[in-house]
Every structure is written in structure tokens, then in C-alpha cells.
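Two complexes, one shared chain (chain A), two partners (chain B, chain C).
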Partner chain A sequence: MVRKGSNTTTTTTAKSAPATKQAESVRKKRKNDEDKVQPHIKKSSSPFTSLQMMFEKYKDEDNLMGPDAICKFCFDLGLAPESIQVLVLAWQMNADKMGYFQKEEFVVGLEKLKSYDLVTLKKELIQLTAQVLGDPNKFLELYKFSFGYSSELVNKKLLDVNTAAELLELVLPQSVHTPNFVSFLRSDKHNLKVINKDHWLCYNEFSKTVKRDLSNYDQQDAWPLLFDTFVEFVQEQDR
Partner chain B sequence: MSTKPQQKINLTHLKNYNASYQQADNTILINTAWKLLEDAIKTIHSKNASSLSFEELYRNAYNVVLHKHGEFLYNNLKKLLDTHLKNIAQGVEAANDEVFLKELNRCWNDHKTSMMMIRDILMYMDRTYVDQSKVAPVYDLGLNLFRDNVIHHKQIKDRLTNILLEMIKKERSGEMINRLLIKNITQMLIELGINSKIVYEESFENQFLATTAKYYQLESQQLISTCSCPDYMKKVETCLKDELERVSLYLDGSTESKLKEVSEKQLISNHMKTLVKMENSGLISMLTDDKIEDLKRMYILFTRVPDGLNLMKDVISKHVREIGREIVMDEEKTKEQGTYFQSLLDLKDKYDNLHINAFFNDKQFQHTLHQSFEYFINLNPKSPEFISLFIDEKLKKGLKGVGEEEVDILLDKILMLFRFIQEKDVFEKYYKQHLAKRLLLGRSVSDDAERNMIAKLKTECGYQFTSKLEGMFTDMRLSVDTMNGFKQYTQTLQSPLTFELSVHVLTTGFWPTQNTAHCILPREILHCCEAFKSFYLSQHNGRLVVWQTNMGTAEIKASFPSKTHELQVSTYQMVILLLFNDTQKIGFKEIAETTGIPIPDLKRNLMALTSAKNKILEKESESKTIEESDVFAFNTKFKSKLYKVKIMSVIQKETPVEVSETRHKVDEDRKHQIEASIVRIMKARKTMDHSNLISEVIKQLSSRFVPNPIIVKKRIESLIEREYLERSKQDRKIYNYMA
Partner chain C sequence: MANQPLTLDELWKECEKPFQDLFIHLKEGLTKEKYIKLYTNVYNYCSTQNEGVLKDFYPRISNLIKQKAKEIMEKADGLPNDDLLLFFRNKWNDWKFSSRVLKNLLEPVNKIYTSDGGKTQQQQSSSDQTNTSKILIDSLNAWRDAAFKPLNSRLLTALETIILKDRNGDSTNLQVLSDTLECYVQLGQDKNKLQVYIDHFETTFLKSTEDFYRIESAEFVAKNGIPQYMKHISVRIEQETTRVQKFMPITTLDKLNIRLNETLIVNFKDQFAEKFLDLLSENKNDELTMMYNLLFRVNHLESLRKNLQDFIKKEGIKEIENDLKESQEKPQVLIGHLLETYNRFNRLIRESFSNDTTFLAAMDRSFAHVINENPASYDQKKKESTIPVVLAKFCDQILRKGPYHISDEGELEKKLAEAVCLFKYLPDKDIFMLNYQKMLSKRLVEDLSASEDAEASMINKLKTHQGFDYCTKLTRMINDMRLCKDINANFQTYLNENSLTLPYTFNFYVLTNGSWSLTNKTSSNPFKPPSEMLSSITYFEKYYKSSFKGRVLTFLYDFSRADVDSRQVRGKIYKLATTAYQMAILLLLNTQDKVTRFQILDSIGLDENSIRLPLLALMKTGIIESDKPDYKEWNNDTSFSINAKFASKKMKVNCNVAVQIGETKTSEGAQTVSNSEIEKERYFKLQAAIVRIMKSKKVLSHNDLVVETTNQVSKWFAPKIATIKKAIEYLIEQEYIRRTADDNPNQRKYEYMA
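The block that comes next holds the complex of A and B.
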């Protein structure tokens, strides 16, 4: 998912990946080529170069794709920038910050997906996404990643509630609690500004273990206080 | 019967031809022997046994058995007894109700005597034949036959039971009956059971218990509708005693527990609730009126039945809670802290007394009482403050002229109530404030009592709780030394001080700190202060001296046209009054500016100075409160009989702001304490699950306050956020300590 930030002109000093690192990744790449010979790699004379070129095509700063560039990339890819597949892509890249792909992240990520052209990438992403959503452990990794990726506050320890709400609608739309939780996060009744990582991780568990009617929710249990308030919020709403 | 020996002869005949003659001879012999025995038994039954020869009879019986005719003898005997007892039964049956039991008893005794004789004659049969063929011995045979033919006789069985029950009923209603006869009869029933009590139970006990239940059911219903609770209990006590006596007089011991159970159920269990709740005489009114004897009786009676004490406990607990609630929620009483607390103390005394004298120091009752007290004392959030105020009151004046021992007893009692307080940290805050005032203003009556109290708190709550309080005492002691030193120092000064200065040096942190607004001291006083400061700092290098002008007092001489008086005032009041040395009239705002005293304090002190009792200053407006537009003038017409005039400062009530401030401070402190406790526990355990951690924290802190689990949870979350703890990856209910 990419949030179209208003700060497209951010003076983010792109961490230009040191030359040595690039060299290293090239080396790795070659080693990979020797290990596994895959058909589409064979077609392309130098898959690494094709990734480089793909990046060059979209980048808007030296080693960085900003929000606009990513939008364009997504458009060409045929996926919405705020789709879960793009979040999976960012996860595969291990992208550090939402709306920005570093060159190195880009190359490493696509290579991991063994995708050297947009068609394969799209296919891979759709496939991988389906796989991740079906596997709780993999999903948890994606879920954990999405917090850090989206967080812009205090060393990535906090997530502002609006971002959190959007993110949940993207990653956990299937949970019966998500609509309520999202409206809870967005309501200004409780003066909520941010949630922390603990809350974030617990919500995944909450969405999986607590029944739709909240009947098995126990205040004495180790749920963070936020969930006590949430349950009260829902119960009040229902009344 | 005659065929049997015949068969036997045939059998032997087959085995031994030569013996055939002897066998035939034997048959005649045995028949003759039985004839003899039969006659003898009949003679015994007709009570003419003295004419018989025991030796002869024994020998005959012996011969019969020896010649293997034991069975013949046994069966014949059985037949004979059967016939005899059937006759007896007819005789008993024919007796009318009045003599029925006597007749039965007589027959029984006769039967027993005859059976003993018969047993003796047939002793050899008992030893061999009975033993071998596992049949009942002769005596028991007699008992069985008596049981079957007489006791279980159709016309006798029910009649016997009914007559027995009728007699007992008569006795219950106060008539005299032949107890010995009943005892004999019950004894008979027991004996007839041989080694069991089955006959006794079937023919008597079962019906007896049932009628008893019925009897007491009616009786108790009648009693409960007519008697008061204590009267009813007295009656029940007598009934139960009577029943117990009945058992020892003429029933079998085994009936005791059953009878007790049945009668207790009818008399106590079934009416417990009604009794306890009886209006005007039930448990509650006994408690109210301190009816120790009745309460004791109730306790003893209720101990007998299951759940009896629990019922009492519940009612007492509910009652105490209600009374306590009334006290702590009573607006009037809470205004007067003294009476508020005194009522609680009285209540405690009352129930302690009841507990010891009426409830035999029952541990469970004590527990219930404690819980109830804890419940209502903590209902009023001001209780910690009130306890401290009560102690304050006692230590300021209440203990004047009271012996050391009594002081000790009183303090112990206060401490008992203190124990019920959950928010001990709030108490500490207030106690500190009150103690500070007592110490600084010299209000304390007895230093010993003060120290005694601290020592008690220390044993109750630990060293930590009182360390700061003790620090305050140390400060006071050191200040005396400092002042002695300062006095010597002033003598060496070139410009002597114009007045005496007494200073208490208070260590920051020990004393309740108030946000000190400085007031601007007059120059001459400032000079003294500087002198002290340079003296103090020369002794203790590197310290910071701050003047707390809001806590000081002063004695000043004031010349009124009529007389010169010495005024005892607070430092603030002194500062205000000194302004009038230079001028006659000053407005409120000007006073505020020149003195720099905070407005609320200034208003309060001006109020004291313009009060009707000691009107040192005159106010131009008539209003009762002090307004910012007021103008003040020196009251030249002031008069007082006394030379020394003490200006009572208007009592500073804790303002709402201060209350919430104190509360806030307490809450802040608690946060730290909870976090410290969590970290302490987790550091030791490394990993622990949520509910255990919460309960451990509450346990650790309960000596100071009872933390709300939600707040503990919040602190845990905060520690997770700050990465002191983490949730276990496997189970979010388990926390790991992160070093």
C-alpha cells in the first residue's frame, strides 16, 4: 500500500546504497544464476540489468522511487497502489518507509520474487498474496512488517490511528471485528491518537480468538487496556 | 421326626451289620432321653426348676448328642419352644394396654431365665452339634423364637410400638411414666437383635424418630408463632436437654445422635431464618442491645446444625456493613471528624466485646467482622484523612492528663481500624501533613505518645512507611542543637539582632512540601535571617536554605492606646501588622503588593485579624468576607483582658484544589510503586503470566494500598512500550523480562 503523501517534495536524503553493497548484490545474483537456471532468466541476457533498467525507468531521484513514481509503477503493473499485493511487494522488498522504494530494496525484492518483468511480477504477487493469507505464520510476518513500514512516529514505535485504521482494512478485512475496530480507532470519543506495536500485534490475536459477540472477552485477561475500551465501545454501540 | 432316626439306623446298618442291635437299642434310649428332657423343659417353663436334677438332664442330653442325634434334639427343642411361645404370645396379647408392657416384660424375663437353664442343660449340644452345623446356639434360638412368635406377632408388634411411643409422648407433655419399664423393653429389643440392633430399630427406633420429628415440627411451629426469639431458644434448649436425658435414661445410646439430628433439624434448622430475622427480638436486635446471653445461646444452638453459623455470620456481616455504612456516609458525622471516628471506634469496641463474650472468639466470626469493617471504612474515601485527623486531635489535646497505658490502648485501637484502610499511602500523606503542623507549631502534647504512634506504624507497615516521619523527628532534634549554636554565634556578632529568632531546619523530602510562595519579609527580619543563613552555611557547606514563611509564628508587642499587648500571630500576620507601623490605612491590593503573600493566604490572615473576637484591624466595609477593594486600618479601640493575645488563624480547610493535588500526588506515587513492584517481580521470575503477575503485585503492595488491576495492567503496558517487558511470542498472556 502506498499513501499518497502531500510531501512528495520531501528532501529525504536517499540513502544511496554504497557501491560495495551493490557489487555484493551483483555477486550474489551471479551465484544465484549459477545455482538455479530458470527459463525466464535464460531469456534475458542479464536479469540484473533488466531490474536496474526497470528501476531507472520509474525512479525520480537518484536511488529512490517516491510516491508518484510508485503510483506510476503500480499503474503499469496493473495493481492499485493501496492494494494488499503492493503491501506484499513492499514486504518482500523489506521497504523501510511507506511510499518510498530504495533502489537496493527494489532490486533485492524483485529478485526474491524471481520476477524480472511486470507481467511475472504481477502474477507472482497475486500468487504470493493468496499464499500468505492462507498461512497464519507468514501472515503474522506480513502483519508485523506492515506496522513498522507504516509507522512514522518515534522510532517506529507508534502508529497514528488513521493509518492504523486504513492498514487494518487492508490486511484484516476478513475479521468480523475490523469494521468496529476501525470505527473505534477513528472515533474521537476516546481521544486516541496513536497505538503502539503491542496493540497492533494483539489485535491480530484478538481478531482470531474473540468471538463475534465478544462473549469470550475477559477483562481480567492480559488484553491491553485499549481492548477493554474497545469492547465497551462496541457494547455501548449495540445498546 | 421319627423317620429321621430310622434312616440313620439304616445307614449305619449298611455300614455295620453287627451294630444293628445296638442301634435299635439306641433309638429307644434316645426317645426316653428326649422324653425326660421335654418334661424337664416344661417344668422349667412352669417355674418349678428346683425339683430337677441338673446333672441327670445334662447327662441325657450329652448321650443324645454323643450318639449323633444332635439334630433330633435341636429340632425337638425348637418345636417345643415354638409351641410354648405361641401360648405366651396369646397371654401377652390378651393383656389390656395398661398392663401390656408389664406382661410382656414379665414374659421376657421368664423366658430369659428359662432359656438360660435350658442352655445349661444342653450345653454339650451347643459345643458340638451347634458348632458343627452352624445353627444358632440354644440361647439365641430362644431369642429368635421369642422375636418371631411374640414381638413380631401380628397383634403385638404395632401395639408394642404404639404403647411405647404413647408413653414417651406422655412424658414429653409432662406426665410421669415408668421409665424403668421402658428401659427394660428397649433393652429387650436390643437383646433380641442378638449382635445387631435391627429389632430395636425396626420395632421402635424408626417410628420413634419419625414421631419425634412430627412432634417437634408441630411444637416448634406453635412456639415460633407465640414466642420471642430468646424465649424460643430457651425452650429449644430445654427440649434438646430433655431428649438427651431421655436417651441416657431409657433408650439405647445409639439413638442419641439420630435423635439429636432429628430434633435439631425440626427445632433449629427449619426455623433458623425466621429466628434470625424475627423483628424486635431476632439476631439484629440482640446485636443492637448487646444481649450477650441470648447471642451466646444462639451461637451454641446454631453450632449444632449445618450452616447455622454461616447464617449468623451472613446476617451479622450484613448488619455491621449497614451500620458502618450509615456512619461513614453520614454527612453530619463526616463533618465532625472526631465523632465520626469515635463512632467507628465504639462500633469496633462493641463488636469486639460481642465477639469475645458471645461468640467464643470464633475465628470465622472475627474474619467476617474484619471483612465488614474493611468494607465500609473504605467506602468513604476520606477515611484515611479522618483517621489521621483523629490521631491529630488526640495528640494535640485529647491525651492531656491521660496515663501512658491508656494512651497505648487508645493508639492500639486506632491502629486496629487503621489496618482496615486500604489506602495506607493516602493516610501517610495526611499523617505527614498533620505531624508537620504539630511539630512546627509545638502543638503536640506528648513526645512519647508521638513516638509510640510512629513505632506502632512501623511495626504495622514496615520501615519504609515511617522513615520519613522519623526523619521529621530527627530534624526537630537537630534544630534544637542548631539553635543553641546560633545563640552563641549571635553573641559574637558586631551588630546584635533586634529580636529572637528560632528556626527549624527541615530536610527537603521528609516534610510535606507545599508550593512555597515567598513573602517579602521586613528588613529587620531579613537581617536576622541572613545572619542565621551565614551561620548555618558556615557549618553545613553547600546546602540551600529556603525560608518557609507560611509555616512560621511570631510574637509581637503592640501598643494600643489603652494598653500594650503581646500578640501571638503567624508570620504572615506579623508581616501585615508591621506595615501599620508606618501608616494608618492600607488597601488590600497595596498589602498584597508590599508583602507578596499569596491572595488566598492573605485573605485568610486578614480575616483572622479583623475577626470580632480579636479586632486588631478595622475594615471599612461591613461585608463578612475580605474583598479586594477593602481598606484596613489599625483598630485603636482594641481591648482585651489578657496581656497575651493569641490570634487564632482561620482554620485552613483543604481546598478542593489541594484535595485533588494530594490525590494526584498519591496517584503519581502509586504509578511508580506499581512499576517498581512489577519490575522487581519480573526481574526475579524472568517470565510470568498475566494473572499471576497482577495478583503478585497486588499482594506486594497491599500493605500500602490496594492497586486496581486495571491500573496494574496499564503499568504493564507502559513497561512493554518502554521495553522492560515483552509479551511471549507463543502466548500473549505471558510476559518476559527484558534485561
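The block that comes next holds the complex of A and C.
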């Protein structure tokens, strides 16, 4: 999943219309390159070189793929940048910052997936994603990773609520609480700005253990206050 | 004397007549010679005729006893019941005596009987029977058959009559009752001595007592009401108890008490409880005592306790409601009312309810409610009580020099002790402490504390109640003040040694940072002390730094006070008590008539906000004037000048007075500790407690941690669960603790991160 960097002013999803010159030029470049480079990668004999070349093709700075580059890459890959599979990819790369792939991260990550071309990569990602979603332990790793990956605040200790909401819709859409929790995070009634890692981890716990009707939620338990407020919020809505 | 043994018939001839006389003509008595002769004869006979004694001699005696008993009791026929009882009792006393004499005469027979019978007959009961003699037993049996059996039902009626008479206040012979019952006990079998007594008297007695009082009490209550009734039954119970103690076997007392309690008290307990409230409101302490004692007998105090609890609550609140306005405004008044209630009910419980601990506990419950939720200090909407602050103010007022100070030491001590009594009921002892501390700071720094001893005594009292650590800061403050005396003296020596002199008298307080809640208000510019002060400050700093290496001195000008002599009015000298800032402003006016605000700020530092208060206070006292009286119009050109027409009756003028700025009335230094300061303190205390607990326990469940934390801080305040959770979350974020990853979410705990 890729979100816009906080300093850029354009949306970077492939679907959206380009608004700046830079984005426009990226687009043109992509059109030109498509026919030439892709077959070349497929034919490459050394796996390592082929990954390097693949990176070279998309990078927009030395050793770095920025948001635009990643969008293009995703487009070519045939996966939406904000899909869970791309998040899984970032996780495999152990990418440090959302919207940015370092060259080393990229090469190591794809190597790990043993994918040296886009078709294999896509297949691998779809397969791995399904596997992760079915395995609570692996999922927890992905879930933990996604917090740090998305956090842009204070040493990656905090996550702003809108990012958190989007992220939850992506990684935990199957939880019955997610729609409510997302609208809770987005409502400005509680003046929520950020959540911390503890909140984030507890939500996974919450979604697993608390019943749909919240009947087994107990304020006396160790839940952070945020969840007390959330439960009140839901109960108020239901009334 | 012939030593020839007598034959049975010879013996009997000798004995029969005296034996008969022993029973029938007891009063005539038996001469000593006759007695000895009889005894010798019996003895001689017995020593030769073992077999014959048992077979022939004793049966004759036994028959004689039976016959005599019958003979005696024949006279009972036809006697009316009263006389019958008397007759029975007298005859019984005689009978007892006669039997004993006979027994002594026949001692040799008895010996044979017991030694022989003991072997052959009942071995098991021999130990009991060694002291009883066969003759006594037989005489008792004869009495039972001849006297008791035919008469006992008539006797019972007679006994009942005696008791009834006694109850009704008619004079009667209770000794007869006592003797008769003694006879009943004697008649009982060895194994169960009281059985005859129980069957033929006690059971009926208990029942008729119950019946008697059931009727009497119902009538009495209907006629005279509960208070009179209580008096009446107190007497009644006393009477019944004494009667049993004096005239009946003591085992009856418990049984009787059960019946009396049930009939006289338990049956009326609801009416008692109902009347209880009336008695309370009418202050009928004697009746209350009586009621307590009665219900205590039957262990039915629950309803009294509950009623008392409600009553104290109501009365305490009412007391304050009646004087609501004064109570809201004046700590002395509110605390006075609370103490009134406290003392009133404490006394009541002590005097009327024997200081019953369960009653004291009930009072504690309701009094805590009165203290914390009375209408004068409780905010219904915020669910908060200002009582901790009020109590701190109360203490401040009586401890500081001023109108409320109590100069009499004993009296002051008593008031302080009472304040501590109320203190015990505060749930938010931290709020009290923070305020007390702040007020103590001001008392000490401004030299307003009336008595050092009283301060120390109060701190000791708090220490006794809340523990040493509750008062640490207060103790340190007092210590600082003691040390200051030395420091100032040593400073003086230092000045002398270095041949330095100060232009004015200076007194410094050196106060440990952290123990005192004193800080300068933030101002964008620091205060620049006027040259008059400067030398003293510099010398002192030099002296202090040389004596105490490594310590940092911060001057709290906000709290500095100065005495200024003013000659602003011709021919008069006023002594002005000012703040340091006011002094600095006034000193500027030493050399010029007028100063602008710009000049003031330029020379003394500070900023517009921080000189507003000193200026306004000086203007309010009339020492200076301004071309713009309204501070809202002030600017840098606004000028201030000395008021040459100043007049005051007093030579000493206090210039640090409260002035109205905006909505709030302020003088320098806020009066009470703000909520946010309290919240902050509490949050710190919670965090500290959690870290302490986790450090020692390493791993702990959420519930245990919450409970432990609550315990640790309960000395200071009752924490909200949400605040504890917040502190826990903060500590997780700060990585002091973390959640353990257990597969079972209910097993998850917190873990200390070293």
C-alpha cells in the first residue's frame, strides 16, 4: 500500500490525474520504456542483475524508488499500490518508510521471494498474502510491521488517525469491528489525532476477542482507554 | 455398764421411742446422755451383728421413717394453699434436721450398709454415694412419697401465687419460695439434680412469666408509650433477675432472660426503632441509653444503627443548610458546623451507646458523607468537594497571625486536634496537603505564622495519622526555617569579619527547592533589583556560595517583602509594608516626582503584566496616583506619581492588598492550588507507584496492578480506574513496562522492562 508522502502535493495513485510537471514526465517516460525494457528483464540470465536492472528501470533517484516510481512499478505489476499485496511486498522488503523503496530493500526483498520477474512476483505475492492472512502469527508480524512502516511521527511511535484508519481497512477488513473503529478514528468528536503502537497492537487483539455486540468487553480489563471510548462511541451510535 | 450385747428386740425397745420423738417431737430435743446411750447401743449391736443389722434392724428403721412421714403430712389435709406451703416448708426444714440427727445416730449402720452394699451392689456409683447415706436417701424418699407427691400440684399453685404477689408489689414471704425450691432440688435424682425442680416448678414458672408479661407489656405500651415502657421494663427485668439470683437455682436465670427478652423487647423492637428517631431529635439521652441497653440485651441494634446513621447524615446536612451562605463563605463557620455535628454525635455515642464500635463505624460512614457532600462545599454538577481546601484554610486561619488566631495554647491545640478529626474523613488528602503546604509556605515566608510550636504540633498530628512520608515536605519546610536563623546569624558574622556593612537590614530565607511550592511567576524580563538591594544580595550570594559549595541560589522576588518609610506627607512618616516590586517602584519616586510605565519597566525589569498588580495595589492604598486610573487604558506613557495628600489613621500601611483584575480578585500569589496542578501531582504519583510496583513484582496482571496501585496511593486520594489506565498506557509508551504476549488474552499481564 502506498500513500502520498507528507511533503508531496499530488496524489500518486496510478488512477489519479497528474497535477505537476514531475508526475507528467514520469508518465511519459513510462510509456516509452514499456516496450523496450520489459522483455529485456525477462531474458536476463543472472537473477541478481535482473533485479538490479528492474530497480534501475523504476528508480527516480540514486538507489531510491519514490511514490511515483512505486506507482509505476505497481501498475506494471498489475497490482494496485494500495493493495494488501503491495503491503506484503513492503513487509518482505522490510521497507523502512511508506512510499519509498531503497535499492537494497528492493533487491533483498525480491530475492527473498525468489521472484526475478514481475509475473512471478505477482504470483508469489498473491500466494504469500493468502498464506499470511490464514496464519495468525505471520499476520501479527505483518500487522506489527505495517505500523512502523506507515508511521511518520516521532520515531515511529505514533500513527495519525487517518493513516491508521486506511491501514486498518486494508489489513483487517474482515474484522466486524473495523468499520466502526475506522469511523471512530475519523470522527472528530473525540479530538483524536494519533494512536500509539500499543493501541495498534491492542486493536488486533480486540478484533480477535471481543464479540460483535461488544457484550464481553469489560472496562475493568487491561484495554487502553481508547477502547473504552470506542465502545461508548459504538453504543451511543446504536442507541 | 453391762457389756452384754443386746438382742434386736432389746435394741428396738430402746430405740423406737426416741426415734419416733425425733420426728414428731423434735422440739423436745434429745439430751446428750440419751444420745450417747443410743449411739453406744447401736454401735455395740452393729459391731456384733453384721448380718442382722441389714436383715432385721434397718428395715424397722426404714418403716419407721415412712410411717412418720405419713403421720406428719396427715395434718396437711384441709390446709388452704398459702398455709400449706408454709406448713410444707416448715415440716421440710424439720425433716431435714431430724433425718440428719438420725443419720448420725445410725452412723455404724450406715457404715456396714455402705461397705457391704458397695461390694455387692452398685459399684459404678460408689464414688458419688460414699458421702450420702442410705438413711438420708431413704428419708428423702419417704418425704417424696408422703409429702411431695400428693401435694406438688397444690404447692405449685401456691408458689405461683407468691411470685404473682411479689410482682404486683404485695409483700410476701419469698424465703418460703426459696426453701421449697431447695427441697425440690434435694428431691432430684443424683444424675439430674434439677429434674424435679424443672418438672414441677421451672417450666410452669417460665411459661407463666411469659404470659404475665405478654399481657402486661401490651397494656403498658398502649397506655404509657414506649419511653415509659422502657423505664418500666428496665425495672421489671431488674426485679426478675434479682429474684432468680436470690431465691432460685441460678440456671433459671438464662432461661428466664431468653423469655423476658423475647416478650418484653424483641416483640417491641419495631416500635423501639420507630421511637428512636423521636428520642434522637428530642435529645432524650437517658431514654436513648435505656433503649440501647435493652436492645443490646437482645442483639437487635441493627435498626438503631441504621436509623442513627441516617439521622446523623440528615442533621449534619441540616446544620449547614441552615447557615448555608456563611458556611460557603467562611471556612471557620463551615468547619464549626461540622465539628458541632461531630462532637454532638461522638458524645452521644460515648454517653448513651457505651461507645459501641459498630455505632462509631456507622457514624464514620454518615459523617464522611456530611463532610464531603455537604451543600456548602460540594458541587453537585462537578461531583467535587472543596472541603479539603476549606479545611486547609481553616487551619491556616487559626495558625496565622490575624483575627482567627487563637492565642490560648490549650484552646488552639484542641482546635487543631479537631481539624485532624475531620481530616481523617477526607478522601482527597492530597488536595488538603498541597493546599496546606502552600499556605504554610506563605505563613512562614511572610512571617505570619503565629506560633512555631503550634505549627510543629499540627504537623506531628498529621504525621501520626497519615504517616511520615505524608508530611515530609512540611517537616523540611520547618527545618529550613530553623536553619535560616543560623544562616542569617552566620551571614552577619561573615559581614563583620570582612568589614562589610549593609545599607539596610536584610533577612534571607534559604528554602530547599522542591519542598516549598514557591516559584516566581514567569515574566519575559527578569527583575532588576534596585541598587539599594543589590549590595546585600551580592554579599549574601558570595557568603552562601563560600559556605555551601555547589548549591544554587534562586531569588524569589515574588515573595520578597520590604518595609519602606515614606515621608511623602509633610511632617509624617508612614511605615509601608510592600512587596519587593512595590519597593522598587517607590524607590524610583525618591528622585523624581513622576515616572512613566516605560521608565518603570526600563529600570526594574519585569513586564507589563507583572507590574500591573503592584501598581494597582499601591494605587488602591492611596500611596501613588496615576493619570489613568483604569489599568485597561495604560500604555508606556502612563505616568505614576506620589500622592502627597495621602492620609491614614494607622502609621503602618499594608500595601500588598488584593485588587480586582478582570473577573478575579487577586493579590500576589494565588490562594489555592489549581485543579490542573492537583491532576498533575496525581498523575505523577500514579506513575511512580506503578513503576515501584512493577519493579518489585516484575510481572503482574492488570487487575492486580490496579488494586496495588490504588492501595499505594489511597493514602493520598482515591484514583479513578481511567487515570490508572492512562498512567499505565503512558508507561507502556515510555517503555517502562510492556504487555506480555500470551496466547490466552485473559492471561496477559504487564511486564517490567529493566
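As a convention for this text, the second predicted complex is superposed on the first by the 199 of 239 C-alpha atoms of A that agree within 3 Å, B and C clash if a C-alpha of one lies under 4 Å from a C-alpha of the other, contacts with A are read in each partner's own complex, and residues count from 1 in each chain.
Please note the rule applied: contacts are C-beta pairs under 8 Å (C-beta built on N, C-alpha and C of every residue); 3 or more make two chains touch, one makes a residue touch a chain.
A quick note: this is a predicted structure, and the numbers were derived from the prediction, not measured.
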{"item": "Which superposed partner A:Gln220 touches (first chain B, second chain C, both, neither)", "value": "both"}
{"item": "Partner chain in contact with A:Ala80 - chain B first, chain C second, else both or neither", "value": "neither"}
{"item": "Chain B versus chain C as contact partner of A:Leu170, first or second or both or neither", "value": "neither"}
{"item": "Chain A: partner with more touched residues, chain B or chain C", "value": "C"}
{"item": "First (chain B), second (chain C), both or neither touched by A:Leu133", "value": "neither"}
{"item": "First (chain B), second (chain C), both or neither touched by A:Glu205", "value": "both"}
{"item": "Chain B versus chain C as contact partner of A:Asn196, first or second or both or neither", "value": "both"}
{"item": "Chain B and chain C contact sites that coincide on chain A, given as residue numbers", "value": "157, 196, 198, 201-202, 205, 219-222, 224-225, 228"}
{"item": "Chain A - residues contacting chain C, complex", "value": "157, 196-198, 201-202, 205, 208-209, 219-225, 228"}
{"item": "Interface residues, chain B side, partner chain A - complex", "value": "689-691, 709-710, 713-714, 717, 720-721, 727, 732-733, 735"}
{"item": "Contact set on chain C toward chain A in their complex", "value": "701-703, 706, 721-722, 725-726, 728-729, 732-733, 739, 745, 748, 750"}
{"item": "Touch list for chain A against partner chain B, complex", "value": "157, 196, 198, 201-202, 205, 219-222, 224-225, 228"}
